[in-house]
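The structures come next, written out as structure tokens.
Consider the two complexes below, in which chain A is the common component and chain B and chain C are the respective partners.
Moving on, here comes the complex of A and B:
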């Protein structure tokens, strides 16, 4: 495992990139506006791309550079662009009836991070500097997943739900980049294209919803139609 | 020549007492300058205090002894806190072991509590509104304040502000650690709320959404001057804690020579210049939040404090 030989400079670079991406997930939780979610997601993807590149540089994994470029291109540019396009076609600019207000979801999110930290601390067997990075990466991976679930469950707009899914996926990707770098390149590319297809399908679904149900909020979709 | 410790301690208190109106004047001036108007003079708060001290004292008929005593309690509390924190010298001086960070926080809150009672005491409608709003804000802000203080004490493994100052001076890696950066952000949110600044408090003085002004609406003359001075000192003290304990621990007198003290005052004013400009930027770009969104900046502060505590466990 390459983290066993990490020095303090590398550790601080990895941890600050990871923590910044966690903060961007909180920006999504704390905002009402759909556009802010997309911008925060794009910034988060760029940070994760930088993280891949940093791991590739310090760990000597050449293929991670390619993955960093693909991540920045797909997650940082193409997906946000598609999402912004979908949003500009809708006449919904913000989350209207949140189950949890932004401030309460921030507090719940903080509790989830604590929970993730407890789990990560329990799972860690490394010591010293490597241990800190492992615990931090695990904490952020688990808390991004939990925050993604939180967004999926407390937000009603279709766009917020897809972004919750994407945040969840970003969390797994971030964790895998730090903890098990050097996954087969093919798998990474497959994941990226899966995401692209998810968003594309989703764009069609949203148009269908607007035409047939007149809304994209899951609050209104309560009636089963045969 | 090294000044005796007692003189240094008196210098700390005098510094807070005398320079607090200057900070208020600077913020008001800078806000107006940003909006391209001239703004009041830098020493306008001093003139206001002078004017109020020479005015007649009018007491409401319904007021009791609490109304009398509250300004003195608030003012004295603000004179006690500078003894406990590093204002000019970075080492403990006589009586600074009276209380740790939580003790200082308690004395600060005691002042606000006295004003709160006074607002309720006279039976005026606005006083009641102001007091209930202030209590609601207190309920939202106190957990964040306590968590920020706990976070910084976990980082330094001590409850004394002097130890925190030395720790941050000593190692840059602690200064730039995520825990410390989160604590700075969390305390900044608190600073805006506790010093009556914009996301929550209104920028004009007397209007329907006022919080702190409403509590002291019934006061006049010298008692009002004491209350205003106390609130300026509270702002000054919170800025000191933010600068010397959290954000900029550099540039404090170590030996305690008169020249060192003077340099310390000058650097303190420079640090405040930076923080006050940040506050002015927030005040300019941010509009006042609705009543039902008051918890949002405080929830963000709470979040930062929790994140700081989590990441301080990683060090």
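Moving on, here comes the complex of A and C:
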């Protein structure tokens, strides 16, 4: 495993980039404004790109530079642009009826991060510096997952749900850069493209929702139950 | 040989999809789809024979693996694809969506293509992508009718399934990470490599990875409590699509669970993994049984029956052993046939009566003397009664359960089988023999819609009376492969 030989400078660079992206997920949780979500998501993607580049540089994985550029391009520019377009098309500026207020969702989010830490610690058997980075990476990977699920469940706007999904995927992407930088590039690239297709599909569906269901809020999607 | 047949199998739906899009002729599109589907069915069977004779084929730099298990699932998918594309000819003409039909058939064949692709993937990461693609394509099939309900169902489908399946991706990455301790930082994420390294991976890591994968693909397979998208998607999509979602897609996702179960086989996680699969299976079964009893909507009734049967398949896989695996594989085939028949029947009823409400569908036999009889017999079959095929496979799974560690689950299974039987058939009794409302109207094109019902019914009856010895030996070999990988 590449982390086994990591030195303290590298460890701290990886850790701070990862922690910053977790913080950005909290920015998304704490805001009502849809545009803020998108900006936070874009910033998070740039951080992940920086992380890829850093891992590529220190670990000697040349192909990660390409992944970094693609990440910055797709997740940092194209996806946010698509999302902003959908938002302006929809005329919805903020989350109106979230189940949880931003303040309480921040608290729940903090609890989830603690839970993620417990699981991460359980899964790790490395010691010393490598252990720190591993536990941190796993914690952030799982917390982003849980925070994404939290956003999906307490927010109702279609855009928030798309962003919740993207946060889920960001968690995996971030963790995999640190834990498995050697993963075959083909797979990472395909997953990147896959995301693009997902968002395109979502974009089309959102339009259908407006036209045929008359709402983009999942609170009002209540016809099918039981 | 198997590789060439696989090429034909993939080319046929691809050509049908592209030609439908380019030519934009509804009639040509529907016949092309039927032709492609029939070709796939015809090709898939010799593919299995060839794999049986010459062993599995690995191609395209190790990314493609044509093995017995995958080919078996492909046969089940090909059967549903063939039956429902024939049914679609009769059904989709009723929808008054003539200009959008080519698009429908293109998506339909594309959907089949992605499911076939999932079956031959040798790389856990690419398998995940294939499964994700099935979601993206089928979303638009679910929402095809563009009414408020179907759009809502499509939205819930894509949100719930994509988020669920992202857990499987996390699990896959963790599997890869675990393997990298043994195989070095870069290696091909094939099933064999993952299995080879699994025994040496730190056990808690392996356990968490497996759970994530199980929940992820379990969401796609419709295991409760992640099944919430399923009743909506299955009930709101056009009937041929419902049949594909239920008869084919669920099998493709179960394949993922089976493959990962084989990956962790023989490790210290294996026992826990089997228990987890059994627990999800029995929970799905019980929950679906309860929802079946109080259902008022005919297509949701079928959808919950899918949850029930996917629970049965999970039980079989979890029980394990030759009986469990053979029962599951037989169940896949029988469920594909029987559930297609059921969705076709409910599609007919829904169109004739103009409602999905069970209480407004009455005197079915007066509206559909022949195909109505098939639907009723199919209902008896899907409730698990002899002499139909599902009885045999459920009985095998039950035997597997009674002889192992999970006797409690097997007993619960029997009890709730009775609940399902009573619940399911009482709905059919009221639809057939309560004489309150006037019968439905007769619609044109019934021949197209009755033919696939006959084609589905005949094998259900035959396979229920006679379990071919060859099939049994195929299952025994697949099962020893699954366990054999495990040792």
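The criterion applied here is as follows: the second predicted complex is superposed on the first by the 223 of 226 C-alpha atoms of A that agree within 3 Å, B and C clash if a C-alpha of one lies under 4 Å from a C-alpha of the other, contacts with A are read in each partner's own complex, and residues count from 1 in each chain.
FYI, a contact is a pair of C-beta atoms (placed from the backbone, for glycine too) under 8 Å apart; a residue touches a chain by one contact, two chains touch by 3 or more.
Computed from a predicted structure; not experimentally measured.
In the superposed model, more residues of chain A are touched by C than by the other of chain B and chain C.
Contact with chain C, but none with chain B, is seen for A:182 once the two complexes are overlaid on the shared chain. Contact with chain B, but none with chain C, is seen for A:26 once the two complexes are overlaid on the shared chain. By the touch criterion stated above, A:123 is placed in contact with chain C alone, chain B being left untouched.
In the overlay built on the shared chain, the residue A:136 is in contact with chain B alone; chain C does not reach it.
Of the two partner chains, chain B is the only one touched by A:104; chain C is not.
Once the two complexes are laid over each other on the shared chain, residue contacts for A:113 go to chain B alone; chain C is not touched. Contacts of A:15 after superposition: chain B is touched, whereas chain C is not reached. When the two complexes are superposed on chain A, none of the residues of chain A touches both chain B and chain C.
On the chain A side of its complex with chain B, the touching residues are 8, 12, 15-16, 19, 22, 26, 30, 101-104, 106-107, 109-111, 113-114, 117, 121, 132, 135-136, 139.
Taken together, the chain C residues at the contact with chain A in this complex read 123, 125-126, 129, 132-133, 136, 139-140, 143, 146-156, 158-159, 162-163, 166-167, 169-170, 173-174, 176-177, 180-181, 184-189, 202, 204-205, 208, 231-232, 235-236, 291, 294-297, 300.
The touching residues of chain B, when paired with chain A in their complex, are 173, 176, 178, 293, 295-296, 298-300, 302-303, 306-307, 310-311, 313-315. In the complex of the two chains, the chain A residues touching chain C come out as 1-2, 119, 122-125, 141-142, 145, 148-149, 152, 158, 161, 164-165, 168-169, 171-172, 175-176, 179-184, 187, 190-191, 194, 197-198, 201-202, 204-205, 208-209, 212-214, 218, 221, 223-224, 226.
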